[in-house]
Amino acid sequence: MSYIANTESQRREMLKVCGARSIDDLFSDIPEALRPKSFSLPKGRSELEIYSYFKKLAGQNYSHLTCFVGGGFYDHFIPAAVDALASRSEFYTAYTPYQPELSQGILQAIYEYQTDICRLTGLDVSNASLYDGGTALYEACQMAVHATGRRKVIMDGGINPIYRKMIRSYTANLSIEFVETPVTHGQSDRKRLFEALDDCTAAVLLQNPNFFGVIDDHSDIVKKAHELGIVAVQSVYPVALALLKTPAEQGFDIATGEGQSLGIPLSFGGPYLGFMAAKKALVRKMPGRIVARTVDAAGRPGFVLSLQAREQHIRREKATSNICSNEALCALRAHIHLSMLGKEGLKSVAQLCFDKAHYAKERIKAIPGVKVMESSPTFNEFTVKLPIDAGECVGRMVELGFAAGFPLGRYYEGMENYLLVAVTEKRTKYEIGRLAEALEAVVCQ
Amino acid sequence: MSIIFEKSVPGRKGVTLPACDVPKKHQIPQTYRRETDAALCELSELDVVRHFTALARINYGLDTNFYPLGSCTMKYNPKITEKIAAIEGFSLLHPLLPQLRRGGMLTQGALTVIYELEKLLCEILGMDAFTAHPMAGAHGELTGMMLIAAYHRDKGNRKTEILIPDEAHGTNPSSAAIAGFTVRSVPTNTDTGMLDVRALESMIGEQTAGIMMTNPNTLGLFNPQIAKIAALAHKYDAQLYYDGANLNAILGKFRPGDADFDVVHVNLHKTFATPHGGGGPGAGPVGVKKHLEPFLPVSRIIKRSDNTYALNYDFPKSIGYIAPFYGNFAVCLKAYSYILMLGAEGLVEVSENAVLNANYTMHSLKEDYDVPYLKTCMHECVLSAKKQAGHDVHAIDIAKALIDAGFHPPTVYFPLIVKEAMMIEPTETESKETLDAFIDAMKTIAIAAKETPEALRAAPRTTPVGRLDETKAARDMDVCFPG
Amino acid sequence: MPTPANLKYSKTHEWVKIEGTNATVGITGHAQEALGDITFVELPKVGADVKKDSACCVIESVKAASDINAPVSGKVSEVNESLETGPESVNSDPYGAGWIFKLSNVNLSDAAGLMDATAYDAFVESE
């Protein structure tokens, strides 16, 4: 299967123009000694054959399990229009809009996406996307380090453990000190946080709802942080933001998060969408591309990539970040999704998630030997304490057709009996009931 | 075209959700609620569809016409790869499933894709192991730099510098700097267009942790002295890094692994035909030689004796997590399907035709434009607008005039070492007729530069907007619609 | 734009006016032309100590972001706040209203390596 149009005779004509006798002549700069020692790949196949192969592979994946797993990545409803519009090839086969006259479509869409993120978080400026929520949180951390000149970062233990691992990996060669504070009764431990915050701290990183699904109001922590000149960063769940107190209302300087919940399929881990919003004063320190509105010589409004002088292709080793390719198409999907749901739709989705999760809590609470952690309010995810190992429980629930939740012992020592259960608007009363029944059967065996 | 928020009609909605089927017994406590609703737009589905359809119609993609951006490899994105990525067994799969007990068995199809892609990339690049985790080329470069840092740390070396050619893509020095290294720029010999090896010899030393190279380089020229450079690097235990952005030139003709490169990255959205998406998503898998394998990010996928695949986190020297999961899976899936469709023969044809197309374009335009390095180029050629400067016509004017001729312009003003550079990468999927149409347009513009330069400076005139005031954009900083 | 005779110039295209142990610093006409329309000036912090030839603030245009080096060592005593809303004065009047920062406690021996107007013009020609 090849996508090359030119025929042999056309190639001969072209070789003549190049003054070459054969295609091999064009590769004469590559010495014989450097030719491949091996280049053995399976023989090429037709479109029909490979589609069969991939259907077979896809059939080996358990995507049909009724999904109660979250952990920052959720099985949300995506309106059909999102796929239909994002698959317009004028969008998805385009490159980065460096020639704005040809790219007003994507540029305007990204400007509108930036506006969505600002309106959700309450902050002043947003960039055009980063790879994912973890990288976004790391980039925010770096912004704080550069802005303050300090090298200590406080990370709340309620932040997604995957993100905390990523931040440590990214900064391993950079001599930044991390202090992690625990979570008590589900919420951020104020006592330990206040003890840790000092004038050597560059940033305090918090998450809302946190990894355990618990919601909080971090205004008090932000206030203390600002007294000490510390940059406050909150990693957020965008669907929850339809109802929850915004990062801006709590005084945060930067908000980051994972946009997968906004119209992006789970797709086994990617591509996803890292979003970042900040107060106006930090705009020049933000990594990534930013679209700005302007006019042309005739006064017609238009959009361009702006502040490129901070980026890698101009500033090189002094750039704010090394990011080049981002997640533009995912940002487009998120914006189409938010436009389809709209102001009321996103609120409805969030409310359904909350209501169904609380119904699930009620049903699971009733199982003998099972405890639902309820000392703090939650959004659509909550922690369950089982009388048996959570990993083992989940393994048996798979046989009954459920991805019942995420065993916290995977990332939290001592929590081997704890299960993190997520419920979205896609889960019906019937499915939740069946989950509770199956769980009871497994636990009481 | 108005901004979508301007089209809102209060009370209008695009989606109807199912009614709540559970009892509503709880509320979010007031203290945790936001004061006012997020002012997202309020539109019907048809409103939304018309808005984005109109935006698509003023956007130019590769499916629209020729897109010869140098070093971007804007080749055709096969439609079948989109269909494969949309199969529900892939698109609905939660990434945490394999991290459940015996969870690997829940995702065998997905793990197969990643494992097999990594194996194929090893063979294509001549490396010992690959990781599909990096989510973009620059991310791959950063990962590579982190691997080099981990390697030296493990050996107790104190090497702080990375040497990078001055024609390198900006992501090279920025990735090295962000990984904590000091960057030093190695000059290119402007007569030959090659890295100045004597300069490199004078700059390299015990403090050198690594050297980053692109081969062919950003001028489209293959450096035959690569073996000498590798030997020089390894004399000081400096790790040699290969930026695979220009891989489209050398598939089946050269493998960095054979030339003793220690670490490489490839851009799946370039060489392996995954769509650019208006700026992303991409993917930048990183390949290494055996001595760097222990440091690769986790998880890694292993094949067990019963031929099933599993996640393995047991790599104590690993640099840890550089992605939340296993990389941009859907992008990797598309690239894997592309490699399977082409096979070895198809990939070799890719490079042969890519190189032929670039040379044909260069030779067809050498009378009209200055060619700083008039010798066989690889998959891209660099012209300059030097001849036209005398009429006060610059690369940017030529670019804008091409837009009026119906083409996307080539890359302009890069590489930095060529004044008024225009970097043209046709790719192998373009036909001779398309190239001839482009060549004719360029010839017409060269004539216009002499006879009607003011017309070029006023270009483009056929697009929805003309040249935009970028100064005003940067000064006003209007990046969020007021509301 | 003529190069004022009463100022001194650095190899990185800053000008400095030394009065006693105080100095005023800006970028030259050549520099602002090379940068293009200035879109932003990141002013140094008042009270900061700066060293000769080290970067102390950043000037941005659409196509570049350049470091501005201190031509002499000293302490930042004042910054031109009008540049926050009107960065274009750096283009229109780089030697006057477009001044960027003032220094006190200047190390006068640092001035020895600076060029006068004629030497600077010759330097720009040769670049």
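Per-chain numbering from 1; labels A, B and C assigned in written order.
In this section, a residue touches a chain if its C-beta (ideal position, glycine included) is under 8 Å from a C-beta of that chain, and two chains touch if they have at least 3 such contacts.
Note that the coordinates shown come from a computational prediction; the quantities given were computed from them, not determined experimentally.
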| item | value |
| --- | --- |
| Distance-maximising chain from chain B - centres being C-alpha averages | C |
| Among all chain pairs, the one with the most C-beta contacts | A-B |
| Computed distance of Cα centres, chain C from chain A, in Å | 43 |
| Between chain C and chain B, distance of the C-alpha-averaged centres to the nearest whole Å | 38 |
| Centre-to-centre distance between chain B and chain A (centres being mean Cα positions), rounded to whole Å | 20 |
| Sites on chain B at which at least two other chains make contact | 470, 474 |
| Overlap residues in chain C, where contacts from two or more other chains coincide | 39-40, 60-62 |
| Shared-contact residues (touching 2 or more other chains) in chain A | 307, 309, 314-315, 318 |
| Complex interface listing, chain A residues touching chain C | 284, 307-310, 314-315, 318 |
| In the complex with chain A, residue positions of chain C that touch it | 39-40, 42, 60-65, 67 |
| Parts of chain C lying in touch with chain B, wherever the complex brings them together | 36-37, 39-40, 60-62, 87 |
| Chain C partner contacts - residues on chain B that touch it in the complex | 470-471, 474-475 |
